[in-house]
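Before we start, here is the structure in question, set down as structure tokens.
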Amino acid sequence: MAFMAVAIAVRVRFFARLRELAGNETEALQVPPGSRLEDVYETLRGKHAALPLRESVRAALNQEFADWSTVVQDGDEVAFVPPVSGGL
Amino acid sequence: MAFMAVAIAVRVRFFARLRELAGNETEALQVPPGSRLEDVYETLRGKHAALPLRESVRAALNQEFADWSTVVQDGDEVAFVPPVSGGL
Amino acid sequence: MRYDVTTGPIDARELEAVVTHPGAGAICTFSGTVRDNARGQSVTHLDYEAYAEMAVPQMRKIGDEIKQRWPAARVAMAHRTGKLEIGEVSVVVSVSCPHRHEAFEACRWGIDRLKESVPIWKKEHAADGTFWIEGEETKPAIG
Amino acid sequence: MRYDVTTGPIDARELEAVVTHPGAGAICTFSGTVRDNARGQSVTHLDYEAYAEMAVPQMRKIGDEIKQRWPAARVAMAHRTGKLEIGEVSVVVSVSCPHRHEAFEACRWGIDRLKESVPIWKKEHAADGTFWIEGEETKPAIG
């Protein structure tokens, strides 16, 4: 019996100032199949109004930096991070 | 009573391959007043035939590198050294 | 090779012990320490936050890039997270090479890349407030 | 500032402790180690000989020159003499600065100058004989 997913589940992580603005470090999210990273982020901006515009944010997919146009898959770990500032 | 020195005393030090070629690490030497470093070295080459030509040697006077034309004074420490190779 | 994100003090000598070997003649070790000032303001302490599961692979990627550019290099890196006091070491990059100029170049390239691409963030507690540092920008912290 | 010529092992962390301070953000430490090969020959060990009474003032002069070029720098240097085995550290130069690029540049300048102007010589015990290294030249040893 064929089965058509109506939503896929991703695990969202926020870091640093984005974590503070989202009010959350980790979040489970359902999005429609075919959603891109930019769609995931805009969905989250709808829930957390304090999140900044995408221009000042980078996305990572499964622990690698990724383009905003990348399509997410069920079970992916998605992270949204500000410009990095480690080192000294 | 005026006194005219007929010789001044310098302490000579050799290092590294020059030390091996001279067969000596330290040597007391009398030279005429007005002697320059080059004169001191040539005097020493007369005593130690294995010492190389001045071109491959540097002179130091009282623990500072010095020109070959510098005149030595009584009590000076004179050193003759090969090109340095410390570090790694 | 060794790549660590750690909450404890970093021992630069341990990283040097990882990179040294009989064919190496030169080890360049860079340590970043917490300065008592920034933007003309006095700093009291820092907090570093890392996406550790991603930071360690990103460090490994930098080490692999170094070995592509300087094939004889060996590399170790560590970054500390949590609260750091003035003078404490936040990051160490150590690189060995047969010769000194390549050791300097590879080490410098390593810390430059780390500052661009490893997901770690600095929160600065200063006389004029608490700020997140984001690349070249400074933004007030909320929490 | 600290400038040493020593027959014992060099502890790079001690030199770093000398240069670190609350205004420093970056420490670059260069260590030279004894390689197991040179000129395509295997090396068994080295002897370093110093004109110590002159070498220490020459190191201090390099430190002073660094502080003229990079006024916020702090500098420490040590060179070991006597017999050194493969992998042992012969020289350490450590420089702190407020920012990283100047720390790299000042440290590299320091080791480059040391190799030009500090009266220390390397005698290489290799598979093909024993040699004094004189600048870029290799000359058979007598003693």
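In this document, chain identifiers A, B, C and D correspond to the written order of the chains, with residue numbering beginning at 1 in each.
Assume contacts are C-beta pairs under 8 Å (C-beta built on N, C-alpha and C of every residue); 3 or more make two chains touch, one makes a residue touch a chain.
Nothing here was measured: the structure is a model prediction, and the numbers come from that model.
**Student:** Sort the other chains by how far their Cα centres are from that of subunit C and give me the top one.
**Tutor:** Here the answer is chain B, farthest from subunit C.
**Student:** Please state whether B-D or B-C has more C-beta contact pairs across its interface.
**Tutor:** B-D
**Student:** Can you give the whole-Å distance between the Cα centres of subunit C and subunit D?
**Tutor:** 24
**Student:** If you average the Cα atoms of subunit A and of subunit B to get two centres, how far apart are those centres in Å?
**Tutor:** That gives a centre separation of 76 Å.
**Student:** Taking the mean of the CA coordinates per chain, how far is subunit B from subunit D in Å?
**Tutor:** 26
**Student:** When the C-alpha atoms of subunit B and subunit C are each averaged to a single point, how far apart are the two points in Å?
**Tutor:** Centre separation, subunit B to subunit C: 50 Å.
**Student:** Considering subunit A alone, which of its residues make contact with at least two other chains?
**Tutor:** Residues 87-88.
**Student:** Where in subunit C do residues touch at least two different other chains?
**Tutor:** 25-26, 32-35, 100, 111, in rising order.
**Student:** If each protein chain is taken as a node and each touching pair as an edge, is the resulting graph a line, ring, star, complete or other?
**Tutor:** Drawn as a graph, the chains match no named shape, so other.
**Student:** Who touches whom among the chains?
**Tutor:** After working through each pair, the chains in contact turn out to be A-C, A-D, B-C, B-D, C-D.
**Student:** Can you name the residues of subunit B that touch subunit C in the complex?
**Tutor:** Residues 87-88 of subunit B touch subunit C in their complex.
**Student:** Please name which positions on subunit C make contact with subunit A in the complex.
**Tutor:** 32-35, 48-51, 53-55, 57, 79, 90-91, 111, 114-123, 132-137, 139, 141-143
**Student:** Could you pull out which subunit C residues touch subunit B in their complex?
**Tutor:** 25-26, 100
**Student:** Spell out the residues on subunit A that touch subunit C in their complex, using ranges where they run on.
**Tutor:** Going through subunit A, the ones touching subunit C are 13, 15-17, 19-21, 56, 60, 63-65, 79, 81-88.
**Student:** Where on subunit D does subunit C make contact in their complex?
**Tutor:** 12-13, 16, 20-37, 86-87, 96, 98, 100-101, 103-104, 107-108, 111
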